[in-house]
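Have a look at these structures, which come just after this line.
In the two complexes below, chain A is the common chain; its partner is chain B in one and chain C in the other.
Let's look at the complex of A and B:
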């Protein structure tokens, strides 16, 4: 039992790291632009399918680098053409727009690549478990965790130490003042949106190696990511990271005693956090008001 | 100071809800419209969501059958027209709404659907209430031709009990007697598990555990950790669709198939094609397969016709379900000499499918007592890579007649009430 618990906590951390990657992208966009991006799962799908298409030409590693950038460019265009028009309005407008966009992306994927799933293998070097006993710790899963750690680390450094990063963080707290200080808020939001979508694209390529590549693959990953934000706290990227890891571990621990509730537990956690500490564990006060 | 957020009030949420509601009542997609008074067939199957691939494949088979009928004499000299609606993959409310629309507004003569068992059962209530003949091509849960059987409802695909009966003895003799299950936590999974459990216990086997997994789960690692810790002889995977792809992909990444035998009951070409080669392992049952041992009348032509319509892809069991559904309806109407629902239903009961429609050995017919098609089960092994064709990913070792895998009508719970 002890061994099983240890296995599932470790496993939960691995899954949680992936949720955190998705959630941080969502959180970046939510914090600065106030857009609840329901199309985030759709951009994840685009990232995965682009990697599938590019892979025969540039290999897995090339696709891992290029596909998220292409996804970010698509995100940038979508922000410029559609989303920025709704910034001054009720957030429900952008929520509905991205909700519709999610359907369009899903059906567009189906039209271009077909309704059936597509096979996507991980590189042979990462395919095997690291040991027979810890069979669930595969090379690929370790690689995913390392990727998440690197990307999140780089992002945090950028936000902390670069001029743009500081502006994004300041804009999260008080956009009007940032604009009054002469910062081009429109460009800042576009760039920030593209970075968020880059993370979705990267999550898509990583997920394609782990789960089936098919047009609805983003749906089931989107909700845990939203919950990671709510649990961790809106407005705090560290909170989002913590939220992702926490729901992964909670899900893993529940699987030991009551496997069929391992998905439901994350919703229970969300409910408890909302009741006890509505702004989330590390959230900014008043962000959800 | 401003915040990027503004409050969401109740009115805006209601407006959003209303806007979403409107998307549910769009016009049907009329595939063909020929002849003066065509016979209208309403198809209410998933075109979006997780079951879009099987739904579309069933529809491709139906469209081929309709075109073949129209190229000859239609049905009773009348042209045939398909009216296709998207039922969604899991929303019974939408499926019912579309079924009502097809029947009440579009006046269809015959209803087809659904891939999803729950949606199929909900549609059956509507078709029964309206007295419309209805064939379920691909929803497996037993009740459709069991306790909830209806005079107007027929089913093409297997019941879960037929699936279990067709493969459990072979798995038991090949792989061992200690089994661990990964079962989808909804009606289909529960009945399939019960069937396997009953058969296994009859043979003297034991169950080390049953992991119930929510539909649409992406990560199976927690369940696989438990399953491996139980140390069974064989891990039986009962999940379907994308869940099957995810589960087998993770099984192969964890190397579990090298320590335990991995197998299951129902497997589909749609899922197998979505897996990477290393995940294609184990003994499974297909409900129909395009590459059969020996010569099968009509099969080569069927494959060629479907390849032309499906970007070169071969027919799957789903394509064949759709194809047989339309031809079975046509045969019943021709036999009854009318499209009137009760007469056609009576003609369809115990009607044997001709060789070029059944495309498999053994007798294939709709059993009169429960309206279940007696179709063969194709048992064999998955192949890592295509044998002779990239899509030939399964080696058929045994073909078992539906008559021998189906429990007798008396055990299905069906009491067929035929109105006067």
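Let's look at the complex of A and C:
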């Protein structure tokens, strides 16, 4: 029982780290641009499939580095061409636009790479279990968590200590003032969007190594990411990180006692948070209320 | 033209338009086959149109975007299915039970949601909508899981002296659905004309001002949300009867998205727009999915084009033209 609990909690943490990676990208875009990016799962899929295509040429490590950047470039172009036009309009429109984009991406993926799942193998070195007793902690899982930790850590440092990072954080709180101070808000939003999509692309490559590739793989990861944001509090990236880890662990723990509710539990958590603390764990009072 | 006269003409045009809509709906089973349509498609348009109008009741007239309304639609569908499968073999009872199930659940959960606004509200409604999707998916002993809820069918409508076979006669069922549609739509129109409806519009136009006037905003939004859930659940119940089947996808957020698209495409500031949007959307989807496997891309591109170039929708565009 203890071992099972340990297994599920670890598993939950790993999944939670993954949710957090997705959710932080979503959260960045939501905070600065007020756009709920429904196509985030689609960009994740693009990242994974690009890595699949690149892998034979530049290997796993090369694909891991390059695919997220390519995804970010696609995201940047999409922002420039489509999403940018909708800033300042009712959020309904950007929501619908990304909803339509998600359709196009899913169908496009199916068209290019086929409707059936594809395998995405990771290097042997990462596949072996770390110990015989805890066979479930494969190197790859640890690697995923480490990657998430590094990337999120770097992102937080960049946001805290670089000029652009400070501007992004300031823009989250009051974009108008930031614009009035002479910051090019349009460029800032484009860059911020691309960073968010980069995280989605990276999540796609990492997920591909764990569960393989499927055109609909982004779909099942999108909802938990929304919930991570709501639980953590809109407007706070730290909150989003915390929210992702929390719902991961909660669903891991639930899997011990009542496996079929392990997915439902995250919604229960969301309901509790909305009842007890509507702004989310670390959310600002009045932020997008 | 004198302003007075102009106003009168406008009212006449409007009345004539509404009369034309009803005439077209009532005679639909007779003219649809001429254009290659079939009665079940007409019923589908009617049911999804009612759903889109319910979403728009909230979105277009209170200015609150719910992106999870498929939840109440789905509850209506499963509610009606449960009643027919296990409780009472009666179509009206099933419809009423489905409507109550979805409506009451919506009203209860709505109380949790109404303090949120804008994007945040949309996000919370999406997430809540998915709860029911998972329940329907996981709790397969009751809901049939992924295979959906089967084993029920529409029952004849018994009037004592005679009875109408809704199951085998598609036209009868069309008129049954049209009757429910008419009741719901009339109710919607009456609500929107009432002081309560005017208050909804005031909240849409300027929430802060409405609050200063002493209007209890949260209560009004909650009431509008709940009413729209009841209408939505009615549409869902009819949908289950239409297919004699309900599967978890009726809860999925992509269906919620479809409803919002129908409302926007038809014109979300207009009363009849969503019905028009539903007609275009359903017929297009039916047609495109029969000619190409890439129908998802077409729908996606259609959505993008509407958002970028026709945000007012078809009816909105027409009204704008007329006003100019």
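Here is the rule we use: the second predicted complex is superposed on the first by the 288 of 289 C-alpha atoms of A that agree within 3 Å, B and C clash if a C-alpha of one lies under 4 Å from a C-alpha of the other, contacts with A are read in each partner's own complex, and residues count from 1 in each chain.
One rule holds in what follows: a residue touches a chain if its C-beta (ideal position, glycine included) is under 8 Å from a C-beta of that chain, and two chains touch if they have at least 3 such contacts.
If you're wondering where the values come from, they're calculated on a predicted model, not measured in any experiment.
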Chain B versus chain C as contact partner of A:70, first or second or both or neither: neither
First (chain B), second (chain C), both or neither touched by A:227: second
First (chain B), second (chain C), both or neither touched by A:168: neither
Partner chain(s) touched by A:22 [first = chain B, second = chain C, both, neither]: neither
Which superposed partner A:106 touches (first chain B, second chain C, both, neither): both
Chain B versus chain C as contact partner of A:195, first or second or both or neither: neither
First, second, both or neither for A:271, with chain B first and chain C second: second
Greater residue coverage of chain A in the superposed arrangement, chain B or chain C: B
Which superposed partner A:246 touches (first chain B, second chain C, both, neither): neither
Touching partner for A:120 - first (chain B), second (chain C), both, neither: first
On chain A, positions contacted by chain B and by chain C: 34, 90-92, 95-96, 99, 103, 106-107, 260, 263-264, 288-289
Chain C residues touching chain A - in the complex, by the definition given at the top: 59, 65, 67, 112-113, 115-120, 122-124, 126-128, 130-131, 134-135, 138-139, 253-254, 257, 260-261, 264, 294, 296-297, 299-304, 306-308, 311
Footprint of chain B on chain A - complex, ascending: 3-4, 7-8, 11-12, 14-15, 31-34, 90-92, 95-96, 99, 103, 106-107, 110, 114-122, 127-129, 132, 135-136, 138, 140-141, 172, 174-177, 207, 210-217, 219-221, 251-252, 255-256, 259-260, 262-264, 286-289
Residue numbers on chain B that touch chain A, as the complex places them: 1-8, 12-13, 15-16, 19-20, 48-50, 52-53, 55-56, 185, 211-214, 216-219, 221-226, 228-229, 242, 245-246, 249-250, 253-256, 259, 270-271, 273-278, 311
Chain A residues touching chain C - in the complex, by the definition given at the top: 30, 34-36, 38, 82, 85-86, 89-93, 95-97, 99-104, 106-108, 111, 223, 226-227, 229-230, 234, 260-261, 263-264, 267, 270-271, 274-275, 278, 288-289
